[in-house]
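Note that subunit A is present in both complexes that follow, paired respectively with subunit B and with subunit C.
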Partner chain A sequence: MGASRPQKLSGIQKQVLSLYRGFLRTARAKTLENRAHIESLVSAEFRKNSELIDRKNFLHIEYLLRRGKKQLDQLKTVDSVRLSSTNVELSDTKQQSSG
Partner chain B sequence: MASALRSAILGHVRVPVVTTGSKLLTPLWINRSTSVRSMSSHDDHLEKTQVIDRILDIVKSFPKVDPSQVTPEVHFQKDLGLDSLDNVEIVMAIEEEFKLEIPDKEADKIDSCALAIEYVYNHPLAS
Partner chain C sequence: MAAVPVTCVRLTTSMHTTQIVGRTSTMKLVPMGRVKSGFPSLRTSRFQISCSAKPETLNKVCEVVKTQLALASDSVVEPDTKFAALGADSLDTVEIVMTLEEEFGISVEEENSQNITTVQEAADLIEKLVEKKNASEPA
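And now, the complex of A and B:
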């Protein structure tokens, strides 16, 4: 049995991964082109934040989680992808955190 | 008299319920695949080798992975140097490949090829 100890994830890590999964799932329902676009945006954003933000900075992570959930809900409700708005919001976040 | 004897005996006899229970539990798992097989009109239960091959292909094709390092036992993060976000992406790719939806709770546990293979192989809806 190759079942070693399972990866240990904190509660907040699970929430982040769950949100990431949510984005990737939602992206699946979009057209191929939009899907690729959403995936690269979302992936870049999560990765950037994973490096930028201290893992103990729960306040900031929780803030980003709330923000991400809102963005995900928005992405889910739009039938014809309003990528532009997601795009704007994501780049918005980038500006905020880099400034 | 006979009924008194009967209740006296019944009062003392302990039927080993545990045996029945475990009998029910273990074969249920084994029977499930066989009963699914016999009942389904299309016998599309996946062969284990097929599951292994398809999962290995997914992992090998992951951009950050060196295909030569991928084995059926390989651990995504410890052996392949991936992070938890990559882990999510791989599990999502496996979901899609086998047309499954893996709940978060299960997906969080799948951190190696071995666990992925086990999960998919035992999933009745994997195709």
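And now, the complex of A and C:
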């Protein structure tokens, strides 16, 4: 199953993985507790979207990529606003799913 | 009288040497190649070339993979096993590579990290990066 799967990733997949890597890298600079918090939230978010969103829905994926990049920049600049940044993330997704 | 013991000694020594040679060659073949049939000599040479990583590195990578994918501790992760075959998706692979970076104190470039699909590949790349790091640090 896995052996036959081609490992070639599309451009947008690479972007998503790169964003994920960026989040994990940024989380390293935070305190242990905040880091674990960020990692679990980010990982849950990526995984949820990977199942929720059709892989051909490029518009939505690109939108999420842009949003994620902004959130990542914010996370990078601000020292440790883990709760506010993660709350924004959660409320955003709620709005999306309801609207 | 004197000729008899001399030939005896010769015989035993030659016996010993052949026995030793035979032993060392099997010692080499069995643990390295783990080959049951076929051409052991060919397989071992191929194995040595592809397996540049040390066993400690391989073991450590296996441990990281196991914890990252939440596999049972008694499950067997072979160097050739693909991460995907263990149930890892691309996000898991990113996590594995990130954890490995921290474990070994290295930094894997993005292009490289996307080429890693097996424990062996990860270990080989790590060895290379660790070597590079050690070479640059003392200077």
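Keep in mind that, in the parts below, the second predicted complex is superposed on the first by the 85 of 99 C-alpha atoms of A that agree within 3 Å, B and C clash if a C-alpha of one lies under 4 Å from a C-alpha of the other, contacts with A are read in each partner's own complex, and residues count from 1 in each chain.
In this section, a residue touches a chain if its C-beta (ideal position, glycine included) is under 8 Å from a C-beta of that chain, and two chains touch if they have at least 3 such contacts.
Note that the coordinates shown come from a computational prediction; the quantities given were computed from them, not determined experimentally.
Engineer: Quick check for you: in the superposed arrangement, does A:20 touch first (subunit B), second (subunit C), both or neither?
Structural biologist: Both partners.
Engineer: Give me the intersection of subunit A's contacts with subunit B and its contacts with subunit C, in residue numbers.
Structural biologist: 1-3, 7, 9, 13-14, 17-18, 20-21, 24-25, 28, 43, 46-47, 50
Engineer: Could you pull out which subunit A residues touch subunit B in their complex?
Structural biologist: By the definition above, subunit A touches subunit B via 1-4, 6-7, 9, 13-14, 17-18, 20-21, 24-25, 28, 43, 46-47, 50.
Engineer: Okay, in this complex, where on subunit C does subunit A touch?
Structural biologist: By the definition above, subunit C touches subunit A via 82-86, 89-91, 94-95, 98, 102, 110, 113-115, 117.
Engineer: Subunit C touches which residues of subunit A in the complex?
Structural biologist: 1-3, 5, 7, 9, 13-14, 17-18, 20-21, 24-25, 28, 43, 46-47, 50
Engineer: Spell out the part of subunit B that touches subunit A in their complex, as residue ranges.
Structural biologist: On the subunit B side, the touching residues are 72-73, 75, 77, 83-85, 87-89, 92, 96, 104, 107-109, 111-115, 118.
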